[in-house]
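Chain IDs A, B and C follow the sequence of writing; residue 1 opens each chain.
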Amino acid sequence: MSLKTTNELDQGANADQEVPIIELVGINKSFGAVQANKDICLRVARGSIHGIVGENGAGKSTMMSILYGFYQADSGIIKINGQQVNITDSRAAIAAGIGMVHQHFMLVENFTVTENIVLGAEEGPWLGPSLAKARRVLADLAKEYELEVDPDALISDLSVGFQQRVEILKALYRGADILILDEPTGVLTPSEADHLFRIFRQLKSQGKTIILITHKLREIMAITDTVSVMRQGAMTAQVKTSETTPAQLAELMVGRAILLDVEKDEAHPGDVILKVNNLTVRDSKKVSRVKDVSLQVRKGEIVGIAGVAGNGQSELLEVIAGIRKAQKGSVEISGHVLDVERSIGSQKMRDLKVSHVPEDRHKKGLVMDFQEWENSILGFQNNVENAGFAIIRQRQVLDRAQAQMVRFDIRPNDTRLKAANFSGGNQQKIVLAREIECEPDLLLVGQPTRGVDIGAIEFIHKQVIAMRDAGKSVLLVSVELEEILSLSDRILVMFDGKIVGERRADETDEKELGLLMAGMETKQAAEAQL
Amino acid sequence: MKVMSYFMGAAVSAMMVTSAFAADDKPALIYDMGGKFDKSFNEAAYNGAELFKKKSGIDYRDFEIQSEAQREQALRRFAKKGFSPIVVTGFSYANAVKTVAGEFPKTKFAIIDMVVDKPNVKSVVFKEHEGSYLVGMLAMMKSKTGKVGFVGGMGIPLIQKFACGYVQGAKAVKADAVIFQNMTGNTGAAWNNPVKGGELAKSQISQGADVIYHAAGGTGLGVLQAAADAGKYGIGVDSNQNYLHPGKVLTSMLKRVDTAVYNVFEDARSGQWKSGVTALGLKEGGVGYSLDKYNKDLITPEMKTAVEAAKAKIISGEIKVHDYMSDSKCPVK
Amino acid sequence: MNKALPRWADLILIPLLNLSLALFVSGLVVLFIGENPFEAVKVLIEGALGSQEAIGFTLYYATNFIFTGLAVAIAFHAGLFNIGGEGQAMVAGIGVAVAALGLGQTHWAVVFLAATFMGGLFGAVWAAIPGYLQAKRGSHVVITTIMFNFIASSLSVYLLVHVMKVEGSMVPESETFAASGHLPFVSDMFAVLGVTISKTPLNISFFLALAASLGVWVLVWRTKLGYAMRTVGFSQGAAVYAGISPARITIIAMALSGALAGLMAVNEIAGAQHRLLLGFTAGYGFVGIAVALMGRAHPVGIFFAAILFGMLYQGGGELAFEIPTITRDMIVVIQGLVILFTGAMEYMFVPPLIRIFGLFKSKSKSANQQGAL
């Protein structure tokens, strides 16, 4: 009943506007007890760029999955061009002119670009004509939208940015009028992201409609025409981008005022605690990932390592954390010189009071199938306060985990809940709580806020700064430039396994760092700035 | 075939003589792991039981075991339900029969191919050495090279017994006869490895053997094939295998497991049951050599006369064929 | 695993549904060969539970399945799939036989301890080798353990034929252990208490199996080692991060798994057969995989799954016995169907059940909300 009312109201309010290309009315979707989408209504005008923001778990992906036919809504109506449609699967979505670019690309690595584009859209039993046609269409599309890609390149040889273009081409090739992109800039360098936005504008000018799902408010402000905000499964607002501010959007997302800028005092660096000398790391395929890197971290400072993902910063962090072997060089912690050419093991590093918030909490920082209390001793399972000779002191560990959950505001407050059932932010807090409460001298942090909602980001940043202010050291790796800039005292930029630049955080900006990250020398960077 | 029909005749006449009283007799048969239709030992037992059913009109029950534990279990189960006699096939049952026969002293048990010393157990063994002696004679009389072969299945005393009788028969014909002997293996798998059987036969043929006797179950099929392919002669075992390669199988050493099962059932039915060891030899018709349309041209009248004479002498006790299993030794090589 | 399903449904309802489906399909098979399926089920259940003897045999088979099921489960918790329980038990049988032959003259308690130790040790070593090969050389245990089954089989053939066989015997079996060293049958134990029950091969090893179940539970969920094993099982990356060596845990977990599989030989060799013989493992090692799957790798689940398979073995034998047209091959078909539906296709009912439960839940929830309003 209420569904109809909403519908009528909406129609009344927007009666003067043209028919929206997409209209969702009263969409509901539950997974078991969790209601992922509550009475969602959405209108997107033809030829516009529409942003959807919301914290993790706010229901953005569910809504888009319903639109793309992965899930069926429990109730509600989908209209495309004013026509009610029934999208039962992705085929139906494609037929309705909807194309989707997923966060994780759905490409066959060892196929060429053309083959990937044809895949699933072959015409007839012979591949030849389809491929030939694809090649023609591809050339046209490339010209039209600045989407140049070598049609014969193997996907595995392409950079992430180019792979993304292939995904977009795939959707266009299937005749998509509406493109949905899920966190498209997460894997891109700033310049690649700029290029993507140029493509967006081009597409828009050709009358295509784009729906951009992101948590980066900066992007929303830069590119979108209208924006919808989701919180806890419901649509909290739909506004014109020009009529809003990032702070307002953040507040709508979280439900309370958010400090977007990190407040911190001047750093007071002390003695050197971490010294990395001429470190070289090769991966299992003998490719050098870290090339002759040297760096130092002092007490009471946060050193940030900026760089596009895959330029060696992850490997560097892992070597210092003791979970990866280096081929050359040395690591010195609090005066202890470690032979990193042999495997050291994270236990040894923990003994030296180095703790580590790994980049990938799903695969490293947490055991997703473990309950919270079990995760609260991961890496500390052999400490006397956690276990006797053989048996784990479950009672004590549970009590400590309980107290820790309160201190770090981890929700839901249930030590028996599996890690997988916490939201991204709370998962990260579990890791952070564990790694901070062991009172380390040096905290290694990789991507602390990846997949973490804004509310939790604020909390995590405060914790990291509190560490520094307590005279501890932090080595931070992040691909989020904003984060690097706002947290770090000193910034190192890594490109192709080398440190290509060092800046004081208060003496540089996003643009300069972005150029360094793209591998341009300082001089060139300076020129480019002019 | 002839021998077979002879037995059938004997069985029929036996049935005529004794009146069919014990209608509440419930005979049972338990096969060994190989299962009912193994084309060999167990199947022969099954055939004997079927024959009994046809002749007497009395149904029997049978069971195939799945695990070692079921040996005792099945015996006990049949005994408990009042089945008697209960026949088991194969030496692997010795322990189980010993135990269960003690628990059910009134039930009649029979074990084939093994001796179990209990008052209510009938042990049926065969004088395979006697039958093997006769085919050994035939082999040596047929041989042009004076060299013959033997391929056994599993290297166990029972098969040594075959080999020893065979050697004695061959040496009786020609004192300087050369007999090549090979065993296929040491486990149950040796009964079913025709490829290896064929290889062993070929190697013996290459050394000059022109008649090869097998006592190797399924493995023997390879032996007979190899002999036939090389234009030499094979000798079959257990059942009549002459038909497998007509004109190329000299004869078969018959071991009448079917008769044994039939007789046990029949004796119990007719009230002639006796426990203790029954050794079925030439005299009892439990072993023999086969002569049918497939090999009648191979066995010359002289050969037949000689063999029949020897058979008579064995029956009368004039010739004593040494039983390997009596002392685990063979007097001749 | 199934967030949307309540625990009781996951642990009880799903196995029951799977079992019913298996029995239903088996019923169709029985019907197809012209027998009454209800009669068959009746015979099967009576044959498995209808008398002291039936229960004794059921539990005796279940003892084997508990051991092999625990073996698969413990490796499973470390992310390993040990399908070599068969071979490990076979090799363990040699150890058990050595213990029982050497100490048979002393006392059964001595034999029991020695056989348990030797069986466990031999099984552990036999499984630790594939564990080592996976940990250090990257050869997958699924491949190596099944290869080791063949090696174990050949090894025991060699020993039984050339070393342990009784002189002059036709059967490749060791000599029978001295009677003083035979483990007490449960019927004997009851006899001490003055209660007479039917004689079955069920022996003291059954209690060893129960103790092993408890031990596995404590080990996996209460100890540092269990914690490390589960960490490796769930996430190698997290294990390395936590300073746990996946290689070391792999070897240890395989050894423990092999030891448990090896204890099966205590039941069979020292408890029931009283001699080492070929093929005593009779596929119990493989059925252990189904038992562990059905029991969700939890000792309590494994116990019940083992009882179920014990019933299938014992009741199945009885079925072949009582209804001669249902041959032992048919029994294997029925057992195979149960394994198929409870093991391989165990999640078949999950999606529809989630839907049903979801409906039920959202209804009750909205009802609650209305009530609140």
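Heads up, the rule we're going with is that a contact is a pair of C-beta atoms (placed from the backbone, for glycine too) under 8 Å apart; a residue touches a chain by one contact, two chains touch by 3 or more.
A quick note: this is a predicted structure, and the numbers were derived from the prediction, not measured.
If you sketch which chains touch which, the chains link end to end in a single open path, with no loop closing it. Counting contacting C-beta pairs between every two chains, the top pair is A-C. Here the CA centre of chain B is 40 Å from the CA centre of chain C.
Centroid to centroid, with C-alpha atoms defining each point, chain A and chain B lie 80 Å apart.
For this pair, chain A with chain C, the centres built from the Cα atoms lie 45 Å apart. Of all residues in chain B, only 33, 35-36, 61-70, 72-74, 77, 91-92, 94-95, 114, 155-158, 186-188, 328 touch chain C in the complex they form.
The part of chain C that touches chain A in the complex is made up of residues 3-4, 218, 222-225, 227-228, 230-231, 234-235, 237-238, 240-245, 354, 357-358, 361-362, 365. Chain A contributes residues 30-33, 321-323, 345-348, 350, 356, 358, 360, 363-370, 374, 378-379, 381-382, 387, 390-392, 394, 421 to its touches with chain C in the complex.
Residues of chain C touching chain B in their complex: 57, 60-61, 157, 161-162, 168-172, 176, 201, 268, 272-273, 275, 277-280, 282, 313, 317, 320-321, 324, 327-328, 331-332.
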